[in-house]
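Here's the structure we're looking at; comments come further down.
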Amino acid sequence: MIHMYHVHKIYDRDFQALRDITLNIEKGEFVFITGPSGAGKTTLLRLIFRGEKVDRGQILVKGKNLIKIKDPEIPYLRRHIGIIFQDFKLLPKQTIFENILFAEEVIGLNRKDINIKKRAWEVLSYVGLSHKKDSFPLRLSGGEQQRVAIARALVNKPAILLADEPTGNLDSDMAMEILELFEDANVKGATVVLATHNRELINRLRHREIRLNRGKILNS
Amino acid sequence: MIHMYHVHKIYDRDFQALRDITLNIEKGEFVFITGPSGAGKTTLLRLIFRGEKVDRGQILVKGKNLIKIKDPEIPYLRRHIGIIFQDFKLLPKQTIFENILFAEEVIGLNRKDINIKKRAWEVLSYVGLSHKKDSFPLRLSGGEQQRVAIARALVNKPAILLADEPTGNLDSDMAMEILELFEDANVKGATVVLATHNRELINRLRHREIRLNRGKILNS
Amino acid sequence: MILLRYISRSFREAIVSIKNNRGINLITIGTFTISMTIMGGFLIVYVNFNAVINKWSERVQLVIYLKDDLPIKDLDEIKKKIFSDSRVEKYTYISKDEALRAFRKRLKDNSGILDGLDTNPLPASFIVTLKDDLMESDYLKRLAKRIEGLKGIEDTEFGEGWIERFETVTLFLRFVIIAIGGLLTIGLIFVTSNTIRLSLYSRQDEIEIMKLVGATNWFIRGPFMIEAMIQGLLGVLLSLVLLFIIYRLILFRFEYSVAILTGFAHISFIPIEMTTCMILAGIIIGCTGSMISVGRFLKCSTISKSY
Amino acid sequence: MILLRYISRSFREAIVSIKNNRGINLITIGTFTISMTIMGGFLIVYVNFNAVINKWSERVQLVIYLKDDLPIKDLDEIKKKIFSDSRVEKYTYISKDEALRAFRKRLKDNSGILDGLDTNPLPASFIVTLKDDLMESDYLKRLAKRIEGLKGIEDTEFGEGWIERFETVTLFLRFVIIAIGGLLTIGLIFVTSNTIRLSLYSRQDEIEIMKLVGATNWFIRGPFMIEAMIQGLLGVLLSLVLLFIIYRLILFRFEYSVAILTGFAHISFIPIEMTTCMILAGIIIGCTGSMISVGRFLKCSTISKSY
């Protein structure tokens, strides 16, 4: 699903954020990216959804060569990838149901279509929030907000889920609930890549761990 | 140092973020504010540095009644308070030394004054970063960045230190280093108020804990 | 169908955005109104000035003074020569007597001076006017040169020389209008692109999320373009209303004096074709301005660098 | 000392900000330049138009035609009457002979008509001009009324009536300049406040940190105000340069025709006092624009709502 060969990422002309990264993540895998602050975890994820260009090396995502991809194709690449951040990134002025509809509309679907609404409702019940569908994000707890973000990431049925420190703002009980959702999505077929420095999470679920340090892979 | 009497904070006309909070934090105390996400920890801190107005009740900080304080006085109130956030809030385009100087200049000191520079240097060596004084924030690890933020908060010798989830982006080793800095500042006389949902921290240092839940104090 | 939905969505979003950023929108619309009013004011002056000149240039004429006691043959020769020129509209023969009568009229109260005359000192003349194409006093001069060579011609003279002066003024006015129009257009593109950039900033989070979930650039761009086009349209419409009010006021307050000044009775408003052009310009300027700023914004804003 | 440091810091920061946001700054300066050029163009037209009118109005005069063979006594009476009026500048007596000579001159080539005259049909006259205050053709009319009652006066006449017409035009021009000036000022305040808002957005983090560590609003405001004042100043200076270039071009290209048109030889640039006013206006407009937007920004942006 995700293949990197000798990938380098350089910031500000001379700062090597990632050096010589080679890794393969197969379809249906669940992978942790770990490492101390500044190791390059976020940078690695940004490369995958083409939030940043690779400076050297090759990178393939879902069969697409990201070196050769053209700007207008990037949105279509991202429709295969669900992205989740530490700070949820929900629209505060829309209800959580509208937040989900928004993600469907963005990829060209008609928000007034009944099937679209049904899908939004389904994905909200999947994360256990259908009863709060008309609440505004700020009225929910952090764990609930993150579940909405996951629902949004899942609604367009992406092949890959990228999560950058998804439980960073949550306490450990909530973190475990969230982790279960990722686990479940993985079981249903999604490839999950989750960056975190929370050892508790990593120890709880025994998955492959890619350890980064100063931009290099330690073991794989 | 900080006194609250029946303080209420209401958002969006009807959402009670804080209800009937009464608490006293004495000079030189070290207090944890804890509670699940959305409990109102950040809101409580924002009330103390007048980032937000109280809707009902009374609040006194360093002898000043924040209900009656006028807008032009707020900066002078804040000069008594050092504030530290989870995301460091450093200026990315200035070296860490300049970041410290900036805080001194803001309160009306002349950045070219040799004493000002000396003070900045001293506070940087205090947090153990004087050897990196010409680095840019993004080139430092998260822990180092947070230490710079603490140095900046301390440079104007505030009576109160407020910290909102200061270790939220750091792994536990770094978190402990940071916590020691707060501990040390407290020993030197600063009143410290630290909001977190990281139980590990709270358990490590045995200090008074103010537990919030849904805007209410559970025990004190 | 998809295009229709795209447009209707863009419209809906644009209107929401205008409602949410009322302040900035009013400012842009205001700036449009001001600039277009200035532009329109110039157009009104230009249009009317042109009309006045056209009126006046009817007086462009060549006067050919004839020698006294000219033989019929020479007279016919001259007539033929004048008439054979394809651009001559008409020529009128003024006899010596007619000339004296006209002169008497011109002297008005002082015409008594002429009473003591024995002979009529004024020559007979042809007055030649050209066809429509009025701006070419050069042509008239060339015609005069050609005719001067003929036998029996005493002198030639032009009607007043006013035209030449006003040709330059019209040229100048046209130059000013084009210059100001160009400047205002650039200025307006600047201003709209600025406003749009402000509304982009205020919707940064939303745009980031759109990019995150795979929105195409056109999807993001749509509402902003419509927003700017609405701004441009409203601005121009407002300026037209304003111009019309000003126009009525001028008509009311200054018509009489302008009429004596120009010798021309009616001041007209901007003609309908130019009005249409102004409206189109408003829309296109809005569109261009938004394209520029959204383009730049989409290029430089990458997703969520939360390091 | 503290004030000095405050200003020097504000300057330093403003210049850094201008360097960092070159695009937006160029846009604002450009808009200033455009608006001020338009404004200045009008001022040039106005100033020169005024000068032309002043020149022309020297011709405002009252001609008093006298009856033939007037007794010295009556003549003195009339002289006394005219001279006693405090606003009369000078009066010239034109005898019948002088009048005829002048008329002959006016007729130029046709003066031959006058050769056959037995008697001189033209009357003697006084030509009266008023003191400086030239716009008051009303006063001249009242004077004429008063004098007409006297014995020995044949008729009174005014110099051409041009002045009356142009008075209205000057009024109108003044009205247009004030209106456009007002509109452009408002527009410019809008634009600067927009630009400043953009640079506020791009420095949001910095401002948040300032508020965090206890910066006063004046400390935050300073650089933005200086930035806007520099924008205004540069914009105006540029527009003056542009205007001067345009002015030279017009002088070069159109001076001759403008001279025939106005009967006035020299086109002058905007006088120094108005130039100063324009520069001040640029600075004040910049300052006002920035005050507005910074004020609003500081009011609404609270510190770090990282919920």
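When the chains are written out, they are named A, B, C and D in that same order, and each has its own residue count from 1.
Note that in this section contacts are C-beta pairs under 8 Å (C-beta built on N, C-alpha and C of every residue); 3 or more make two chains touch, one makes a residue touch a chain.
Not measured: the values here are computed from a predicted model.
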Shared touch partners for chain A + chain B come out as none
Note down the smallest number of touching-chain steps it takes to go from chain A to chain D.
2
Maximum centroid distance from chain C, chain identifier (CA atoms)
B
Report, in whole Å, the distance between the mean C-alpha point of chain B and the mean C-alpha point of chain D.
60
Chain C-chain D separation of Cα centroids, rounded to whole Å:
24
Between chain B and chain C, tell me the centre distance in angstrom, where each centre is the average of that chain's C-alpha atoms.
66
Flagged in chain A as touching 2+ other chains are 87, 138
Spell out, as numbers or ranges, the residues of chain C touching 2 or more other chains.
306-307
Among line, ring, star, complete and other, the chain contact graph is ring
Let me know each pair of chains that touch one another.
A-B, A-C, B-D, C-D
Chain B residues within the chain A interface of the complex:
11, 15, 36-38, 138-143, 165, 168-172, 174, 197-199
Complex contact set, residues of chain D against chain B:
2, 5, 9, 205-206, 208-217, 219, 302-307
Quick check on the complex: what are the chain D residues that touch chain C?
24, 27, 30-31, 34-35, 37-38, 41, 103, 110, 112-119, 121-122, 165-166, 168-169, 172, 176, 180, 183-184, 186-187, 190-191, 193-195, 197-198, 201, 250, 254, 257-258, 260-261
Give the list of chain B residues in touch with chain D in this complex.
42, 46, 49, 51-52, 71-72, 75-79, 81, 83, 85-87, 89-91, 102-103, 105-108, 110, 152-153, 156, 164
